[in-house]
Structure formats: C-alpha cells, structure tokens
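Have a look at the structure that comes next, please.
For clarity, chains are labelled A, B, C, D and E in written order, and residue numbers in each chain start from 1.
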Amino acid sequence: MSALLEATGVAVEYHRRGAPALRAVDRADLTVARGEILGLVGESGCGKSTLGRAVVGLLPTAAGEIRFDGRPVVPLGLRRRAPGMRGLQMVFQDPYASLNPRRLVGDQVGDGYLLGGAARAEALRRAGELLERVGLPADAARRYPHEFSGGQRQRIAIARTLAAEPSCIVADEPISALDASAQASVANLLVELVRELDMGMVFISHDLSVVRQIADRTAVMYLGRVVEVGPTRQVWSAPAHPYTQALISAVPRADGAGVLPVELPGDVPDPARPPGGCRFHPRCPVARPECSRDDPPLVALRDGRSAACVLQTAGEAARPLAEPRPVAAE
Amino acid sequence: MTRFLARRLAAAVLLCVGITLIAFVLTQLVPGDPAAANLGQRAIGDPEAVAAFRAKYGLDQPLPVQYLTYIGNVLQGNLGMSQQSHRPVAQDLAEYVPATIELAIFAIVLSLLVGVALGVVAAVNRDRWPDQVLRVVSLGGVSMPTFWVALVAFYLLFFKFGLLPGGGRLDPGMTPPPYATGFYTVDAALAGQWDVLASAAGHLVLPSLVLAVYTVGMLMRFTRASVLEILGNDYVRAARAKGLPERVVIMRHVLRPAMVAIITVAGVAFGSLLSGAVLVENIFSWPGLGQYAYRSAVNLDLPGIMGVSIVVAAVYILINLLVDLLYGVIDPRIRLT
Amino acid sequence: ACGGGGATPSSASGQGGKTLVIDTAFQLKTTDPARMFEPTGLLIDQSIYDTLLTFKGGDVTKPVPALAESYTAAPDAKSFTFKLRTDAKFSDGTPVTSADVVFSLNRVKNVKGNPSFLMDGLTVTAPDPATVVVASEKPNTAVPFILPNPALGIVNSAVAKKNGASDAEGADKADTAESFFNAQSLGSGPYVLDSYSTTSQVVLTVNEKYWGPKPAYAKVVVRNTQANVQRLNVLKGESQIAVDLSPEQAKGLDQLQIVNGASPNVFFVFTNNNPEISKISSNPKFQEAVRYGIDYQSLVDLAGEGAVQAPGVVPSVFLGALPAGDGVKRDVARAKAALAESGLQNPTVKLNYPSDVQVNGLNFGDLAARVQANLKEVGINVELAPASVQTALESYRGGTEEMGLWQWGPDFPDPSNYLNFLPGQLVGLRAGWAEGAAPELEELGAKAGTTVEDSERSGLYVDIQHKMNEAGPIMPLIQPAQILVAAKSVSNLQSNALWLVNVRELG
Amino acid sequence: MTSDSTPLPAPRARRDPAARSPWRQPLALVGAAFVVLWVLVALLAPLLAPYGPLDQLADKLLEPSAQHWFGTDELGRDVLSRVIHGARVSLPLAFLLVAFAAALGSVVGAVAGFFGGWVDGALMRLADLVFAFPGIILAMAVAAALGPELRNAVLAVVVVSWPSYARLVRGLVLTARNSEYVMAGRLLGSSSVRTMMVDLRPNIAGPVLVMAALDVGNAVLLLSGLSFLGLGAQPPTAEWGAMVAAGAANFDRWWVGLFPGLSILTVVLAFNFVGDTLRDALDPRTARAIRG
Amino acid sequence: MGALLEVEDLTVWLATRGGPRKAVDGLSFQVDAGEIFGIAGESGSGKTMTALALLGLLPHAAKTAGRAVFEGRDLLAMPARELRAVRGRKIAMVSQDPSTSLHPMLSIETQLTEHMRHHLGLGKSEARGRAVELLATVRIPDPEQALRAHPAQFSGGMRQRIAIAVALACEPRLLLADEPTTALDVTVQAGILRLLHRLRRERDLAVIVITHDLGVMSAVADRICVMYGGRTAEVGPREDVLTRPRHPYTRGLLDALPHPEGGAATLQPIPGSPPALGAVPEGCPFHPRCGFAVPDCRAVRPEPVLVASGHLAACPPDPLGGAA
C-alpha cells in the first residue's frame, strides 16, 4: 500500500511579534494510504490542528517534506492552488465558522465544481446531488447556513469538500462541536465516504474513544511531536508510549460502574519552552534519569508500530508498560 | 511594559515626523501665496517687499531645503515665525494650546462622568424606558451642531438668564495669573489668586458644557454597548452567582473591563473636542488653538498651520499613549506581557 | 464670582479709575508701528503713539497739530516743515525730539513692512531738535494727511535701538524689535501697552507721564469678540463699545448710543476697458449701460441704515468728495438705449468678486447678486464668479477680470489716494484702463497731485469725479455704514475713518 | 446511506442576521422617515419652496407668519425657501463625501488586509498618519487656499476621513481572510482575488454601509460647521451652516438661525437613528450583548 | 434524611423575538445532602437554564414557574435580596469554561475573598487566610503566590480548580457544576472529577453535575436525570440508568457512544436532531426520533413514572422494560 499523503520531519513555526518563534510542530511524521483513516490524537495545544493545516498547505513549514500523491505540497500563497492539489481537502472543526454566513449553501457547495471547470448550472445541479448524498434535502441548496443545525452544517461542509472530488481529507475535529447523536452520524458519514470513495483521511480528535472506533491507525501527539503510531487496536490494547497509556486511562467509560478515571498530573508545558530531553518526562510516571537528557526519536517497532520512548527498541515488538496506578486518589 | 512603552514612544516620534511631512507637503500643494495673504494691499505691489517677505520666511529656498530646515528647527524647539502674529509660533502655541487643553480636559472629565454614568444606566435598563429615553438623548447629543448649541447656550445661559459668565477666559479687565502651566485655573491656584481662579473656572463652564454635548452622547453610546457586551460574559454571571450586591457587580466586575473600550473612545472623543474647539472658541472668544488654527489657515500662515498640526498630532499621540498606559492599569494581562 | 451681570467691570482691575472694554473682531498682527497696518492695530497704536499731526474726532478732512505744534508747506508741495512741541515726553519720561521723529519715520520706510508705502518718496531730516522737515521727490499734497496715520507714530528711539530697532537701510533684515514692541510700548501717547495677544485681548493702561490731559479711562481692554457676541456683551454691559455691528444688528438698541459714521470704504464695480480681455466690457456703450443700469438705491438699502451711495470714488468724509446728490442715478431707459447702441445682443459677462470677506458687515456676494439682478433688467446677463480673496486678488491685480466688484479702503484720508483710480494708475490698470485712455482726466489728475491749496485741490477732485461719472470703466457704488454701539456712559464717542474709535478723546 | 434525512428543523433564529429586523424599532422608523423626507425635500426643492432661495423680497426680518412660515432673513429672503433649498446643498455633498471616503478607504483597507506584510504595514502607517492629522484644520487650510467653497471642503474632508474605513475594512478582511470558510474556498482552488470578491465582499459591505450611514450625519455636521466659519458655502448660497451664522448675527430674530439649525439637527439625527439601529442589527458584538 | 433541594414542576420561559418560549417544561427532581446528582442531555435540552433558574440568574426577561425548595424555602419565590444571600453562600456555581468564568482583570485574591467578606463579614487578612487554605484544598501549588496572580497566569485545569475554590469559599451546601470539564482535556478532566468526588466526601457537599458526557456521569454521579426538550426523560440511580435504561432516548444516547471495547461496529446515531427552543413537539417530545413510537406518543404528554426502585422514566409504552 503506497502512501497517498506523506509527511516527514515536518516542523511548523508561529512567528509572533516581540517573542521568539513558537515551534508548534516539531519533526512530525505522518503517512496515510488510500482507503485508510488515520486518527490523530493528543491534548489540547499539542499541535494537531497546526500539523493538519500544514499538511494541506494552509501553513508554511519550517522544515520537512510533505508529499501528496507523490507531488510536494506547496504552501498556499496569493495564487490559486495547483489543480493537482484539489484532491487534498480539509474539514474544519467549527461548523459555524467554516461556512460563509452570507452565501447560499448551494453556491458554496457548487464552488468546488465551478472551480473545477464546470458551468454554473451544472455546478448547482451537482451541488444539489451532493447535498442529498450527505443526507440533506435537495432544497438545502437554496438556504443559508444559519438555517441548519450544527450536524447539518458539518454535512454541508463535507459536501463542499466532496465537490472537489478529493482523494484525501484532513478532518480537524469534525465532530467535537456536535451533540453525541450528531457526532455519531457525522462520523459514520465520514467513514462511509472514505470506504466508498477509497479516500485517505486524517481524523483529528481529542476524543480517543471515537478514534478508537473509526480509525485504522492512530497517531498520538505530544507537544508538537508524534510520539506513537500504530494500528488502532494495538495502540489501544498495548500502548507503547507512557503518554498514550495515560491518555487512554483518563477516558471515562459510560458503563455505570462509577470508576473514576486516572489523572495524568501536571499540564501540557508551554510549547515555546519545551522541556529538555524527552518532552514528556516531567509528567511521565515511569520516567528514568536519562529521560531528562535524551530526546528519543520516533523509531519503527514491529507490526507497523512506531514509538518515541526509551522503553522501546527499534525493530522489536512493543514492550508492554506497567499498569497505571491511580496516583494519589482524591 | 517598559519595552512596550519605549516602542510606542519611538513610533510616536516617527508619527510626528510623518505629520510634519504631510503638513508640509499639503501646505505646499495648496496654490495660495502666503505673501499675498500677509502683505497689505500696497506692499504686494512692491516686488521688493514681496522678496523681503519671502526671504524672511525662507520661502525663497527649494522645498526640500525648506523642509529640512524646518525639521532641524523643530528639533531645537523652534517652530518658526508666524506670518500672521509676527511672533515665534512656539511662543504663540505656548499661550493658546493650554487654553484649549484646559477646556478640553474640563469637557472630557465632564463627559466621562455624565456619559459613563448614563451609559451604565441605559445598559442596566436595557430595552426598558430609561434605555429608550437615554438612547434618544445620546443620539441627540451626537447630532447637535456644536456651533448652534454654542450660540443657543450662550444666548440663554449668559445673556438671557445670566447664569454663567460670557466669553473670554476671565472677567474683562482681570489680569491673568502668572504663567506657569498656561492653565489659568492651575496657575491661579499656584499663585494663590482665588478670585482669578473662580473667574477662570466660571468661564470654563459654558464652553466646556457645550463641547461636552457631543462627547457625552458619544461616550453614552459606547459605554452602553460595551457594558452590554461585558454583561453577557460568563464572569459577570459568576459574580452574580457569588451573591454580590448588584452595585459591586457593576462597579467592580463590569465597569472595569468596560473601561477598556470607554477610554479608547474617550481618547477619540478628546480628539474631537479639539476639532469642536475650532467652532466653539470663536463664539466664546476663547483664545485657544482653534482660533489660532482658524487665523493661521485663513491667512495661509504656513508655520502656524504646521505648528498647529504638530501640536494636535502630538496631543493625539500623547492621548494614545495615555490610553495605552491606562489599558495596562485596567487590564493586568497587558501589564504582564 | 462669575461676573455674569456686572455692569461695571472696572472693579476687577483696581487702581481707581474706570475701565473701558471695547469689543472688536481682531484684525491684529502686531503693535509695532513700523509693521502694523491692520484696523485693530491702528486703533491700539493710535492710543499709544503720538504722531506729528492728527485728526480730531471723526473729521479726517483737517489735519490738526499733535506732536508738531505747527507746520508749513512749501508752495511746490515738495517739502513740509514741522515745529515740535517741547513738553512732550515718552512714557519713560524722556522728552520727544526731532531725532525720535526721524528715527521713527525712517524705520517705517526701511523695515519695509506693510505701512512702508506711506513713506514712499519721502525723506525726513531734522535741522534742529525741535524741527523736522519732510521732503518729497514729487509734489505731494497728501503728506499732512498721511502723517496722522498711527503707523507713523513716534517711538522712543533710544530704547528702541537698545532693543534691536533700526532705521537704517537694510532694517528689513536688521530690525529685530518687533517682539519688544509687542511686549512694551515706546510711545508718548496717553496709554501704554499692558498686555498683548493677537487672539484674546490687548490691555492698555494710562501713561502716567503723558504730557496732555489725563484720559478719562484708566484702563482700556480691547477684546477679540465675534460681532454677534459683541452685541450681547454691550447689551449686557460686559463691554462699553462694540465696533463691528452691522446696521441691522444695531437696530432697536434703545438703551445704548449708536454713533453712525460713514465708512471711508467704497465699493465699486469695473468693466474691463481692455479689449483684449473682453470685447464686451470694453465697449463704452456697454459701460454706460452698466452705469445707468445699476440701481444704486437698492444697493444702499441692502447695506442697511447709515450706508450711502458713493457719489464718486472719494468717500464722503474726505476732502474733495462729491456732494451726495451728484451720484449717478439709475436710468433704465438710458441704459437700454446704450446697450442697443453698443451693438451687443444679450451680452453675458462674468463678474468676479471675493466671496469670503466682509467689509463693514457687508458681503460681496449679496451685493453681486443685487448687481446681477439690476443688470438683468436692462438686458445684461451677469455670471457670478466668486472666489476666495486670495485667488480673486490675483486676477484682480493682474487686470484680467472682465468685470469686478471690489472695495477700496483708503491708505490715508486724502483724495490724492484716489488718483489710483485714474487711467494707467494702480486701480485703473486693474480695470484695463491704460495710460492715455482719457488724457483730459489724466491731466486733471496730475494737476490735483501738485496743488497745495485745499479749496483748489478740492475743486479739482470734484471735476475728476464728475468726469469719471460720465464715462469710463469704474463705477462707484456705495459707502457702507461704520457703526459704533456704545453704552450711554461713554461720552464724546466718534467714529474715525482711520482708527475707528477716538479712544484718546473719550470723556 | 446515513439516516439524517428528517425534515429540516424550523429556521434557527439565533444566528440569522436578517431576522433581527431593524425596521421594527420606532427610532429607526422615525429616522428612516426623516431621511426619506429630507431626500424628497432636496429633490423637489423648487416645487416645494414658496419662493426662490435668493429672492430678496421687500420685507426684511419678518416674523414667521402665514405668508412666510419661517419668517424672512436680513435680506428679506424667505427662510423656509432657503431651508428647503439648503437640503440640496448639504445632502448631496454629504453623500458624495461619504461615498468617496468609503470607497477610497475600502480599497486601501482591502489591499492592506489582503496583501498583508509590508504593503499592509505601509498603508496602515499612512492611515495612522492621516488619522492623527487634524481634519478640520486641513479643511480650513484647503478652504483658505483653494477658496472657501463647499466643494473644496469636501475634498479636504475626504482626504482625512478615509482611514477609518480603511481600518474597518482591513480588520474585516483580516478576520475573514483567516476564517475557515475562506480557507476552505482557497483549498477548493479559488484564487485570492475571487475569494475577495465572492467570499469577502458581502461580509464587508454591511459594516461599511453602517459606518457610512452614521458618517453622513457627521459629514453634514462638518460641512455646515465649515460654512458656519465662513469656509464652506458662501453667501448668498442657501446653506444651513451659513444661515445659522447669519441668524447668530441677530438673536432677537430667532427664526433666522433656529430653523436651519433644526434642519441640521433633524437630518443628522435621522441618519444617526438609522445608522445606530443598523449597527445594532449588524454588529455581532453588540448583537451578542443584546441577546445576553 | 430529607432532600436538600426539591424541584417540583420547574418551568422556564425565555424571552425571544417571537415571544416567551419554554426552555424547561415541568421538571421535577430532588437532591439529597452529600449526593452527586447528574443532569444529562443533548445541547439545548435546558440543563443550563435549570441551574440558572435555581439561582435566579436566568437571562433578561425570563420567567419561571413551579417550586424549588431548598432548606425549606422556595428559591423561585424568594425576594431578590434574600436570594442574593443564598447565592454563593448556600448554593454556589461552577460553570463550563474557566477561561471565561473567572474575571480576567481581577486578582485571584479579590475573586476568592470578595464574597467571603460580603457574606461572612470576614476581615481582609482573615479572608486571605481562608483563601490560602482553599487553594491548598483544590491542590494549587504555592497558594500564597497564586493569590497575587491573575487568571491568565494559570492553565485551564488550574483555573477550573480555582473556580471551584471560589465556589467553595463560603462553604455552600450545594454546588451547581455546569459542564465543569467540557472545556478541558481528558487528562485534566480526570483530576477535576476526582476533586469533586473528594470534596463531596470531605465536606458533605451536594453537587449537581450537568454534562452531556455520559462517561463523566458514570464516573461521578450517584443519581442521574436525563433531560430531553426541557423535560425529564428518565431519573434514577447511576447504574440503573446507564446499564438498564428505560427510556428510548437514554438508550439512543448510549448507543451513539463508541463501544467501550472498540471494534469495527459503526456508531449508532439517533436520527434527526433535538428540537429547537419553542419547537418541542406535542406529546412525547422525543417521538419524532423514537424508533419505538406508538400513536399515543404523539398525543399524550408522558409523565415520569416509577419503573424500578428509585428509577423513573417518562415512557409509558416502556419498550425497554423487558430488556432489563
């Protein structure tokens, strides 16, 4: 399976006036194949959105290489995007901000066809079809975004990207702003589309349980780094990085058992001043002395897994971590 | 904060230089001839007198030289000679600027007190009758032609009912206090001349009331809007949820953040007071910057116009700086970064 | 504490004596006599500085002794000898000598300020400390009428020199005394300068060393006040004299005294006599049509009470003025006939005027509109071309206006000033009236300029004006009213054509 | 296919800009009525005015009467007729002024916001400069130099009043430029110019319009102020500011100055009523505050 | 021991452009002292309005009906003055987003002590002392230092701890926690949930936790109320409601969650979307989306009935009854 989208050693910096550049993503690697959903998880501020935007070319990279369909992704400037890049699209988190409040839904969805060279009438007709395809009535085209619920708007946003006939979608928290039931239906729609159209998808989320449900592979980010990647099932059942493990055990389960989730003490450090050594070591329950010195690279383990932790050795199977103790029960 | 201030100051200086350049270019672009404007009927016919005039004010030099000379002089505190008052512009301004600033400060303080109070009342009573009434009041305030208000107020309050003293900064014949700041009220107090102080303060009331009509309206509108915006914040609900008296909630939790927008507007309002002064000073015989500007303009007194522009720009910049400083006082987040 | 209704503001200044408050809209740039030529400056300097000769009250037809006890004119009108009085002292107590006079007058000449033209062609010498001789290159009958001008006030030369004043050639660069003059006066008049500002007020206090009778007011405050506010102030007793009220504003102020003096300003229209500028306006018959087409009476009505028709270019208050009845009367029939004779069909002309200045409360625009309406009735279309005074002056001075509505304020109250209106002279040229256009008139003018004897002079000027009223491109229109409104307590108030208020003489 | 094909819910009012119809508010209605009234007066002035604005009738300074509703002035002109004709002077020029300032400012702001970088920096510094420049003084200088004509005053005021539009538009473009819907459009291959015209223009037009509506009132105030000082319209033009100045010469004849003053007040007030209501309706900030 | 708070038939009308609309419609529940009571439901179901109604903090021009008896007195009928004495003192509130619920411009000390001084009449230093203790209780490192700081200097989790400290300052009997963890990361959320749990234990504090996250419910709540369209769908002990739901809506919510053990099974969304304010259908509000709806559901407004011990559900057909 050849990679559809491939990012290697990507770094992204934000330049702020009167302050040093903030390296929000640092040496991150990602690959997505056709028909595959890659889940990207991590705490707030760890750089998921930044990486996602850089990957589609909305942000310039400070280092590294991004290739889509074998061609390099060039950051978007004032010019229009190269036609070959239209296959790489993005779905945003906020269904209110990602649609223009003053344009008809049909026009916005039709844009994709129009810009692909279709005539206006044709574009509108096909926009109507697309809207139906994502589960909206055809007359939705003649309405304004504010007339729709959050879930419906997200469907409109998805329809809009589909008009560009993408082969890869980066979805940045597409369901986080939605109600539980809408979350489920939008997530289902995305999965269905990926399977049906044989697309690749990067599904960014901070909700591990959803990622666990729909992603084929999962990448875990911490403070601008990808610290672990692997097939979802394995990552979930036998995390290779202590951070992955902490994330998983912090998720509460609606099983009625009244079990308090496990807390990961401390906060995400300021990305402008990351700790030396392994970035996770100040919060790591199993940190060793050398962790504050050496910054472990992401190494490939066996079975398509990778992790950036001293506990793991390149080329070997993931070494199981100790069960997390509920620290200082409150 | 100090670095922030240093940056602002540097920017301010640049802005001042820019203003002089714009003022200079604009005054050169206008086709009028200062010699014609300032020499008498007969002297203008005399080429020698015209040449003398041009030489005296350096108008015979090439433009860039004129500008550089001007900037050089400005840096030494020399704003040139006014063609219209035959005095150094700096000396003129030292006399007229304080008169206008004193008036503007009076007016802005008045406007802040009244405008903010009424704006809060309107916001707190949103959509109820006090709000509706105050809305008309505030829009009325910003819609009144200042010069007309000035005339009516002068006629009624001074002439008809004799409630307030009339034109000028002091009662006629009263000697101004010794010059220290140029603000008569301050100077009189410094010199212990209480009758002068009373007269100076009395004469400030009418013109500053008139000027404040517009700014009160302006501040009311913005206060209302920003208080309403703040009222919608979670932290206000949180303050109420703490069971604090409404007075405390408004004064401490609402007004403080609202002040950020209010002082911004107050800064702009102060600028508009300076413009308003041009219209009002004439009517109240107020010997201030406005009248000076008017006379400079009418007489095409380039050094005078430039001087006024620089002063107004400097005031504008100072006000902005002050507003920035106040942001820091009000909002710790700004102070901290 | 606020003197809202106080009718006697004198209490504020103390020192006994009364205070006089005069409200006027300032036209003031300086009080240095050598540089001053604005109305407010004239009013102020007249109270500070003595001149060789002066005028009494409102009568500007007769120069009377001031610092000069007496004078004699040479028959050729080329030299005038003045005998100085010996008791006159400056405000610092030093006596006034002929050296001061020479210094003062030469300074005016050499500083090359606005009033320097007054000294054009004049040289001043002092044969002895009590005698001054003013000599003129050309015969100049106007000298005794020029000398009362406050710009020719005599300054204390010793103090002035110490403070940077110079009367030598090159004084325009060397003289640095202006700011000193604006801080402190150096005259021998009844008042001294107490404080000075070009926008708020000028305060004069009595000169303790004054050689003449003590003036009635111990302090004079001249305040810069808008005309409409002046009216309220004087009504309320805040001020005693209002200078800039229009006749309309002065109506119905029964509790006050109103001093009506005709203004020496004369409004006139000209139709350019230069055919290169306009074939229409230079047509003599057209000029006749304009002359008789204008309704002078309606213009007088427009200008309000106190205004009069200007019968000739010389204002009624001056020597040589025409009697009121001699002005041109409107004659529509004659105008129409003249227009028909001119051969012009429905002519259209452009009337230029300065739109942003007022003279004695009168707008050029209002006058122009009237003229337009008048001429319409005789079949002449007038297109109004208002412009700012700065712009309009340029075309006026260049003599390129087809038709112009302007005003002449006298430089000095002598009819010789109006020789400027003759062909080839300053104003004549502006009206396209070239030298040689009216030889008879020009000859009369030359003669008037050299005649010394007043009654003879007067007759010549009358002749000149009669001739000008018969033909030519210049038509005098009106003299507006110059009104002083004052509290009844001010006695002996008169309006002077030169310095507006006779401050010195008030009782 | 997923199942969410149930009928759409009733339109959600909370984000609907149009649903907050400003025209229900009495103040806006009064304002709009007055705006329409004055525009009609300006258009139909020759038909409405009983006399010509410059006709000097026989009697000066007559009190208001059946013959002359607003009396006559110091030259015997009918004040009502002059007030009516005054609308033809002030309104078109105010509109013109605002239109020019808004157009100039919008273009500058759009370019600055769009290109960013040094273009933005340079343009915005220029705007700061002009903003700090005392407008009325420039207007006075221009009037003095080019001649005191309302036309020149308008020119001067345009020169100094574009920066507020530039700032507004730049701000809007900047926020919109970073908004997700613009990014989405760009990803679909929309060129930046097309983005500007299609995606940004409709979002910018509203706020600019509101600002302009409020500005018309300010322009009327400024122009009449200049005329009052004698630097705008010149006699005998029937202009309100100049008429107030004429009225000021004679307070006893209150009608000469009162009616032109009231005309200025009502026109400005009307535009402010309309503009203020529009702003409340359009400005999401105050709108949010109103929603609580 | 009797109920600390007894809400009966609480109805809230909100003012909208189209007139008053019911946001909460006849809600009843009770909270015992020392109990964590959860209110769950989708966005717009009226959870927040319920909490605000109790404190008299509803938006402008809102109206209420029903009773909410707290310590023997009806909160809804109380004069504003007295209600203010209850707020912060007896009933405190923590809201969703700590970055907006703390005043950004006031120091932590001011925010933590102002109501203590007002309600308890403490002096400045006394209040300060208690503030330090409180911060220590919610595990803020270096409390002395923290008092001088401003909210912007803390991370989201820290801020929420401080907000909880503010709420606890006057030792209230009841804490309303409106989505206290929604804005936080799961890792931080775990800490806050533990804190609530501990406080309840240590202080005998009753807590109403409002959330749409059934996982959070499951972790801390003793009893759960599920709301839909401003009404109660189901109330009961945590385990009963989450493992043996009796209302199709609760069932739907649970099914929409990712399966706890993962796996390839797709998620099960509830069809349609929740009703908008004022557009709640007649009869059972859930019937248009309910797979089990019978004609009666359309017409008859269901009232919660006891379906098991302490477990009420408002679904007369009770299609899930047999599933238990």
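We adopt the following convention: a residue touches a chain if its C-beta (ideal position, glycine included) is under 8 Å from a C-beta of that chain, and two chains touch if they have at least 3 such contacts.
To keep track of the chains, here are their UniProt names: A = ABC transporter ATP-binding protein; B = Peptide ABC transporter permease; D = Cytochrome c550; E = Peptide ABC transporter ATP-binding protein.
Here the structure is a predicted model, which is why all the values come from computation and not from measurement.
Engineer: Considering only chains that satisfy the touch condition with subunit B, which of them also satisfy it with subunit C?
Structural biologist: D
Engineer: Under the touch criterion given at the top, what is the topological distance in steps from subunit A to subunit C?
Structural biologist: 2
Engineer: Greatest Cα-centroid separation from subunit A: which chain?
Structural biologist: Most remote chain from subunit A, centroid-wise, comes out as C.
Engineer: Does C-D or B-E have the larger number of C-beta pairs in contact?
Structural biologist: B-E
Engineer: Between subunit B and subunit D, tell me the centre distance in angstrom, where each centre is the average of that chain's C-alpha atoms.
Structural biologist: About 23 Å separates the centre of subunit B from that of subunit D.
Engineer: Could you please state the distance in Å, as a whole number, between where the Cα atoms of subunit D are centred and where those of subunit E are centred?
Structural biologist: Chain centroid spacing, subunit D to subunit E, equals 50 Å.
Engineer: Give, as an integer number of Å, the spacing between the C-alpha centres of subunit B and subunit A.
Structural biologist: For subunit A versus subunit B, the centre distance works out to 54 Å.
Engineer: So which stretches of subunit A touch two or more other chains?
Structural biologist: Those would be 149, 151-152, 182, 185, 188.
Engineer: Show the residues in subunit B shared as contacts by 2 or more other chains, in ascending order.
Structural biologist: Residues 31-32, 37, 126, 151, 155, 159, 282-283, 300 of subunit B each touch two or more of the other chains.
Engineer: What residues in subunit C touch two or more of the other chains?
Structural biologist: Each of 226, 228, 232, 388, 390-391 in subunit C touches at least two other chains.
Engineer: Show which residues of subunit E lie in contact with subunit B when the two form their complex.
Structural biologist: Interface residues on the subunit E side: 52, 55, 57, 60, 84-89, 92-93, 95-97, 100-107, 110, 114-115, 118-119, 150, 152-153, 163, 166.
Engineer: Which subunit D residues qualify as touching subunit A in the complex?
Structural biologist: 1-5, 7-9, 11-12, 14-17, 115, 179-192, 194, 198-199, 202-203
Engineer: For subunit E, which residues count as touching subunit A in their complex?
Structural biologist: My answer: residues 42-43, 139, 155-158, 185-191, 193-195, 197-198, 212-220, 238-243, 252-254, 256-260, 262-263, 265-271, 273-274.
Engineer: Which stretch or stretches of subunit A touch subunit D in the complex?
Structural biologist: So the residues of subunit A touching subunit D come out as 56-58, 76, 78-81, 83, 85-86, 88-90, 92, 94, 96-103, 108, 111-112, 115-116, 133-137, 140, 143-144, 146-149, 151-152, 155, 157, 160-161, 163-164, 182, 185, 188-189, 192.
Engineer: Provide the residue numbers of subunit C that touch subunit D in the complex, in ascending order.
Structural biologist: Of all residues in subunit C, those touching subunit D are 226-228, 231-232, 246, 248-249, 252, 302, 355-356, 361, 363, 365-366, 369-370, 373, 386-388, 390-391.
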